[in-house]
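Please read the structure below before turning to the comments.
Labels A, B, C, D and E are assigned to the chains in the order they are written; within every chain, residues are numbered from 1.
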Amino acid sequence: MSAVATALVFWPAAALMLVTAVQVFRTSSMARAGLLLLGALGFEGLLFLALASEFLGVLMVLMMSGEMVVMTFFMVMFMPDPGGLMGMDMTHQPRRSAAVAVAVTAALAVLAVATDWPGRVAGRSAPDVEAIGFEVMSRSMFSFLFAGVTILFAMIGGVLLAQHGGRLGLDAPAGEERE
Amino acid sequence: MDNVGTYAQAKAVEDTMLHELVWLVPIGALVVTALGAVLLAIVLPRGRQGAVGVFVATGHLAAAAVAGVVWADRGFKAVMSGTVMVDGLSLMLCMIVGVGGAACVALAHPTVSGTDREGEFGALLAAASLGAVVLGSAADIGLLAISLGLSSLATFVLTGYLRDSPRGNEASIKYYLFGTVSGAAMTYGLSWWFGVTGSTSLAAVGRALPDAPTGVVVGSTALVLVGLGYKAALVPFHFWTPDAYDGAPLSVAAYLSVVSKLAGLAAIARVLPLALPGDTAGWSTAIAVLAALTMTLGNLAALGQRNTVRLLAYSSIAQSGYLLMGIAAIERSPGGLSSFAFYAMAYAVANLTAFAVIIAVQRERRSVDLDALRGLGRAHPWWTAALTLSALSLLGLPPLAGFFAKLEVFRASIDAGQSWLAVVAVVNTVISLVFYLRLCAPAILDRGTPTPGPVRRHRGLRAAMATMAAATVLGGLAAEPLLGLAEAARIL
Amino acid sequence: MPLLSIAVLAPLLGAALSPFLPVREGRTPLALAAAMTAISAACIVATWVRFDPGQGMQLVEEARWIPTLDVAWRLGVDGMALALCALTVLLFAVSVVHGVGPRPMGRAACGLLLLLEGSTLAFFLAEDFILFYVAFDVTLVAMYFLIALWGEEERRYAALKFFLYTLIGSLPVLLGIIALYLHSEPHTFDMIRLAADPAYQDAGTAASLVFLAFLVGFAIKTPIVPFHTWLPAAHVQAPTTGSILLAGVLLKMGTYGLVRVNLQMLSAPFAKYALAVAILGLVSALWGTLIALAQTDLKRLIAYTSVNHMGYVVMAVAAAAASGISPRGRELAIDGAVLQMVAHGLVTAALFLLAGLLKQRTHTRDLRELAGLLGPLPRLGVLVAIACFASLGIPGLAQFPAELQIFLGTFDVFPVIAGLALLGLAVTAALFLRVLQSAFMGPTPDRFAFLPDLDGREALAALPLVAAFVAIGVYPRVILDVAGSAAWLVGAG
Amino acid sequence: MTGVLLWSAVLVPLVAAGLVRALPDRVAAVATLTGAVAASVPAVVLLVAAADGRRATSTLRWLNASGGLDAGLRLDGLGAVMAVTVAVIGLVVLVHATGYFADDPQGRSALAGLLAFLAAMQGLVLADGYLTLLIFWELVGVASARLIAHHRSDPAAAAASVRAFLTTRTADVGLYLAVLALVAASGSLAFGQDRPPGALGAAIGLGLVVAAMGKSAQVPLSTWLSGAMAGPTPVSALLHSATMVAAGVYLLARSAQLLAGWPLQVAGWVGALTAVAGALIALGQDDLKRVLAGSTASQLGLMFVGVAAGGPAVGVFHLVAHAAGKAGMFLCAGVFQRDRSSTALADLRGAGRDARGAMTAFAVCGASIAAVPPLAVFWSKDHIAAASESHTAWFVLVLLAAAGGAAYVLRPALVLWDRAGAGHPVRREGRPAMLAACGALAGASILLGVLGGPLRTVLHAPALPTSTPSLVLSIAALGVGAGGVLLAVRVPQALRSAAAHQLHLELLLRVVVQRPTLALARALDAAERRVVDRVVDAGARATVRAAHAADRVELHGIDAAVDGLAHAVGHGGARTQRLQSGRLYEYLRDAVLGVAAIAILLAITALT
Amino acid sequence: MISLPLVLVSAALLFGVGVYGVLGQTNTIMIIMGVELMLGAAALNVVGFLRYTWPDATSGAFFVLILMTLMAVEGAIGFALVVSAFRHSRTAEADDLTQLRG
């Protein structure tokens, strides 16, 4: 992708990403927040594309849309007032939180900008799918397998927690009496 | 390594990896345990789910044993293209996790036996152990992040295992939120490390960071410490600890306080020297300060507790501080790592003993309040003995394992020129006396409260209690084998 | 035969066996305690016979323990250690006769007593710093439970205070030990080597800090003002046997350590701070005796006199460490200090034993309530009088030669301090005379008219102590022949 | 051989004491007397040997430190004379005591105590070197305290015992100090050294003098002596003559060389003042034993003057002479006391007439104490007067004391002989022994007066000072004193009826002599009781107050500080606990702040 | 045009928004969203480095994959926890979780 094209995609995508991200926490509807988050992460995927990481970008968009849809369902199912009809406030100490967030951002941004990051500036843009494939199948094989195990147990754990009633038909969750 | 590989290269890498699998047997044992537990939980009928627990415990012990064999037979090696370190630190962690995990399974038996998710409990516990061991072995940014993820999320679920308990839910949500936020902060720091290095290998990071601009090093290291520090329950990332222990099943609290915590500390002990070699950015001193803060805050907060679980939670925070003393000395004293390793072993057995007794008492008296321990000596002299031994060992009194552990970390600290930290630790030890005595003294000195009635005996629980208590004593009186082991612990 | 190891291990074995005794009560625990104490005593006596006063550290027994750290089971005796071991076995024999808790002793009491005995002996015999420290702290735990289980009304508080203070004292010692270890070349915990070749030859900052760490630790144990407030609390609340052992043996650990470590291994910094330490000792001595004068509780009073007497010991050790002292002054100071440790052990143990017997009969320790006891209790009264006179330093009884030598030795280098310390003699006399006057003289109130005098068992407990301190008082070289400083004090100064 | 004798002089009475304590009551008296006789044998043999010029020592290495710190006994003239004095007076007193305690259930232990007392005193006078002397010095103190407290159910006796012990013990600190200084100066505790210069010498001099003052009840450390009258009379007899109080004088005599110069001057002044004060105090008393106690202080003061002015022999001669007389008076007083169950002069009126034997002995001994020629004390006091002639102030004070002596002896004698109170029954139990003892001492007073010579030989004092003026003045003083009393006391009927106008003289005398004298005596007594006593007591009270103050500091200062620290720690615990609010967002916020702090920390460590 | 600092600043801003969400939101789900943003910011950093400074670092690309995995699994577990808790207490407010403290 040429520099101009990159810029053309980057600026709007970055701006939209940040705007949607901020809106996630400004809306009073949780369903909307979920969709806004989907948007933010989607725009981030777009940024990835602009930054020549096509595979990662596409993956991001696909994964996040899947996840966010599930999330929105969750919220519609379980949350009070998912549509934000009552306009309830879901924040506390917004000013203080914002101040902290601004400080964190400023610190990180200043450090990032002030640093003369090492490495080549020129050259090929970013690893392509094939390279990532080699990486996964060679050096990072163990991590890859491990990530798979992690996903498996996340599923098991999620099911354990979320499912109503016992898998074996028992309705006797454990308990420990304490005073 | 960072070139785009060819098939031939990939093939060569795979061959090497196959050869290296031998070193991965301990981790493999835990993988088999975790997956096997899942399979067993699916296959076994509802009446036989208890077998999963036995299987998981056996698997843990096997992993520990295999780790010992690998240590003795194979030596240390960086495997999987340098992403996994099989060295003294990781094998030691594997042994602790193996034995500790098995003990926790035994401790959990009274709680989970016969419940609806008994099989999954074992499987998740094994997964958490797997995550813990890999966390302590990882020499790669990616592996570090994902292993922290696995070990965390498995324990999030375990903490919330008592789904009908509001306390359990609260505990697991707080733990989860604190943990994920910390993990996310860590990944941000890791991303900068990558930016400085161009590789996710910690060894490569270690080559690049000393020359990197201070600001980036400081910022990223601080963020990385958040994730690892939360796992190890260091101040100021300890807030979740008492609440999570309090709400979780007691056996899970024991697990968190031993396996999870030690994995996090082992990760710190590996990551910092690897990524910041030669005391880059003076992290030793920073860790020493953290150690002082952690032990002080933990001990002070433990003073006023009436709830034994919270008391032990704060105690374990304080113990993290002492453990950090060893880590703070790694760069400056040859005894730093070994003192950490020995302290970890001594702490694990003593803390598990204490939890075992608390669980036994909770089963019988339906309370974890300190008052429930009153007069325990008359009814259960052996429980009382175990509790006393563990409290005194945690306090660091000779000739128990905890004493030699303290001796080791003090020695390392002074040797590393951090005598002030040793003095802080001494003051803290004195403070800690008050609540450790409060834990064990009423059991011996007070008259008892009546027992509610006969309670089912759990052989596993008793066996774990006896084994750990015996280890607490033997780890002191016969400290030589373990000390020898700890002395040999090395970071590759 | 490894006499020293047997002497240490026999009581420890007994302690380990005690939980498995078939009965909770009955004679078995007592028999076990008696047997193990007898074995220990026999070993110490045999050691005394085999001991060659002409040599320093001797009869060293060594076994591997933790070679990784160069920690070994390393025991040995010199004159001071032997004298204190003899004191220890005697006092434990007395304690077994007198018993702890319900009578006959239960197995818990027996186990704790034996644990205390074994660890105390191990402390005095240890020639390895880790063993030394282990023994130091195990005595602490055993004593804590002795006080907390069988003490008086406020035993829990007092026991906690005792534990806290002594732990505060022991941990700096641990730091000091580690520093010595790290500073020795090659690293070692071997006390014989560290004494022969001190790690710190100078009195620089590091050496001073190490010195200070040990000093604080031993000062709390001794105890020296202002670290002494645990002592009266512990003594008042402890059971009689606890007080006997606490005052008789455990306090000696502080001064023993002061000599063994500060004087022998850190002589250079000690020489630098000798005057300050001597002043501390003096303040302790005067403070202890003045406070004792104000007490009305008998055990509290005796406890404070311990502060006084141990202050003299500290003063003498400091004088011996001073650089300006003459060889003879040094010999006098150390001889006096060692003799005072033994003498104070015997005398104060006797006082606490007799105070305990008195309390058993009258149910009070308040001097204002006691009166005219000599009438119903002539034998007990005479023993108390002898013990009081011994404690105030009357010649013919053990503390006189000890204190005289302490004063002589101290005067050699710190004349003003020694002179001021003499004032303590008068005050001590006053307070003991007051005890005798108010408790034993005067008309006997009716409520005390028919108290039973000493019985056989009590006499069996008390008489050996009295006999021992009379013997030492008449002929102090009974101890000095073995424990005299010329025989063992090598390397320092 | 001499060594055996020396040790047996000390050990025989000690063993005897043990035996008496152990044996049954009925043989106690026999055992006591046997022991006392046996104990005096070595002393006498030693005196004979010493008179032959034999000198010997027997030492025992007692401590490890060598050179001059050995324990040991020695034979020389001074020691031998003292030893025989102690043994003989002790024997006589014990003879008396067997009678005195005949019907006392605790008598056996008193007899044993007396024997032990003798043993300690023998050790003191035979000691070779200050170490041994110190040992027995202290033992004498303990033994006397134990005997004074004989009537243990009597609170006054207990208090007197404690006071006696504490006063002397406090003064003994001086002896300790002197010992320390001596070792520091010369490395040796042997007798016969010269005083080192400087502070050490000052410490030695002052220490020894103070110790001697304490033991010999010199002003202002004299109050314990009259209190000690609470003990049984034989005890007082022994205490006031050859033992205990004699120890101070003996110490001065023994250390004369060491104390030469200003220390002896101090001792002389103290002695001279005490001599007069003691005499006046004796005059003001209404209790026979207290009269005698005052007299003892006065006489001891004279001994101090003697040692200071004339050397050891003068002082010791007076000591021996006084011992016989004073012991005799006490023993006689014991007889009267048993008859009347009191020692108050008012109760004793006429007691002498009922017990004529005792009265005779009392008169002889009293005459000796009053320095009536040619009895023993006359000579010894004369020597003192002669020796102090060159020192006018002392000389005057000595004469005043002599006059007082005559007066305070005569006054009770007149009361005892008063016909008005006669006619009471006497107690027969144990009387022969008591009377024998009184007689023996009366005889000794006469003998010593007549045969003072051998004593001088042994003391190596061939030429004790004498001078005519002092002789004359002494006798004059005697007359003045006696006359004053005779005129002042209710004068015998015959004399009164002789001339009515003499009543005016009596009145005059009463106004001019008696009243001021008695007033001064009372004032001094009051001074002693109120001021000196109070000073001493104030010292004690100040100590006690300091003790209580220290105790308060202890409880509210040190202990509170520690507790406060503990409290602060606990408070810190509560604060940290409050951090754990249970609110997740606060946890997270604190964690973020924590990260910032860690980053700052790392930045600091990285940049330094 | 577009350079590394710009990407990094964008990532920092995204992270900041995430932090704001985490600190400021009362609802568990919303906090989880904040976490997702923080993780996304980390990923954006890495992608920026891949593009501008370390184009050959395939391990970095794999790291991004791992971050995405983490986002997914942590989200999943989080929702499951919320469901489990909501079933009993009918609320997902993190602020209500104050039973455990001290």
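Just so it is clear, contacts are C-beta pairs under 8 Å (C-beta built on N, C-alpha and C of every residue); 3 or more make two chains touch, one makes a residue touch a chain.
Fair warning: this is a prediction, and the values are worked out from it, not measured in the lab.
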{"item": "Subunit E reached from subunit D - shortest hop count over touching chains", "value": "1"}
{"item": "Chain at maximum distance from subunit C, centres defined as averaged CA atoms", "value": "A"}
{"item": "Pair joined by the larger number of C-beta contacts - B-C, A-B", "value": "A-B"}
{"item": "Farthest chain relative to subunit E (centres taken as mean CA coordinates)", "value": "D"}
{"item": "Mean-CA-position distance for subunit E and subunit B (Å)", "value": "26"}
{"item": "Length of the line joining the C-alpha centres of subunit A and subunit D, rounded to whole Å", "value": "102"}
{"item": "Centre distance in Å when subunit A and subunit E are each reduced to the mean of their C-alpha atoms", "value": "5"}
{"item": "Distance between chain centroids, defined by C-alpha means - subunit A, subunit C (Å)", "value": "70"}
{"item": "Touching two or more other chains - residue numbers and ranges from subunit E", "value": "8, 11, 15, 18-19, 22-24, 26, 34, 43, 48-49, 53-54, 56-60, 62, 66, 69, 73-74, 77, 80-82, 84, 87, 94-95, 97, 99-102"}
{"item": "Multi-partner residues of subunit A (each touching 2 or more other chains)", "value": "92-93, 96-97, 100, 104, 107-108, 112, 117-119, 127, 131, 134-135, 139-140, 143, 147, 150, 154, 157-158, 160-161"}
{"item": "Interface hub residues of subunit C, defined as touching at least two other chains", "value": "none"}
{"item": "Which chain pairs touch, all of them", "value": "A-B, A-D, A-E, B-C, B-D, B-E, C-D, D-E"}
{"item": "Complex interface listing, subunit E residues touching subunit A", "value": "1-2, 4-21, 23-27, 29-30, 33-34, 36-37, 40, 43-44, 47-62, 64-66, 68-69, 71-77, 79-84, 86-87, 91-92, 95"}
{"item": "Interface residues, subunit D side, partner subunit E - complex", "value": "577, 580-585, 588-589, 592"}
{"item": "Subunit D-facing residues of subunit B, complex", "value": "174, 177-178, 181-182, 185, 214-215, 217-219, 221-223, 225-226, 230, 235-237, 239-240, 242-243, 280-286, 289-290, 297, 299-305, 431"}
{"item": "Touch list for subunit C against partner subunit D, complex", "value": "225-226, 229, 287, 290-295, 328, 331-332, 335, 372, 374-375, 389, 394-396, 400-401, 404-405, 407-408, 411-412, 415, 418-419, 422-423, 425-427, 429-430, 433-434, 436-437, 440-444, 475-477, 480-481, 484-486"}
{"item": "Touching residues on subunit E, where the partner in the complex is subunit D", "value": "19, 22-24, 26, 94-95, 97-102"}
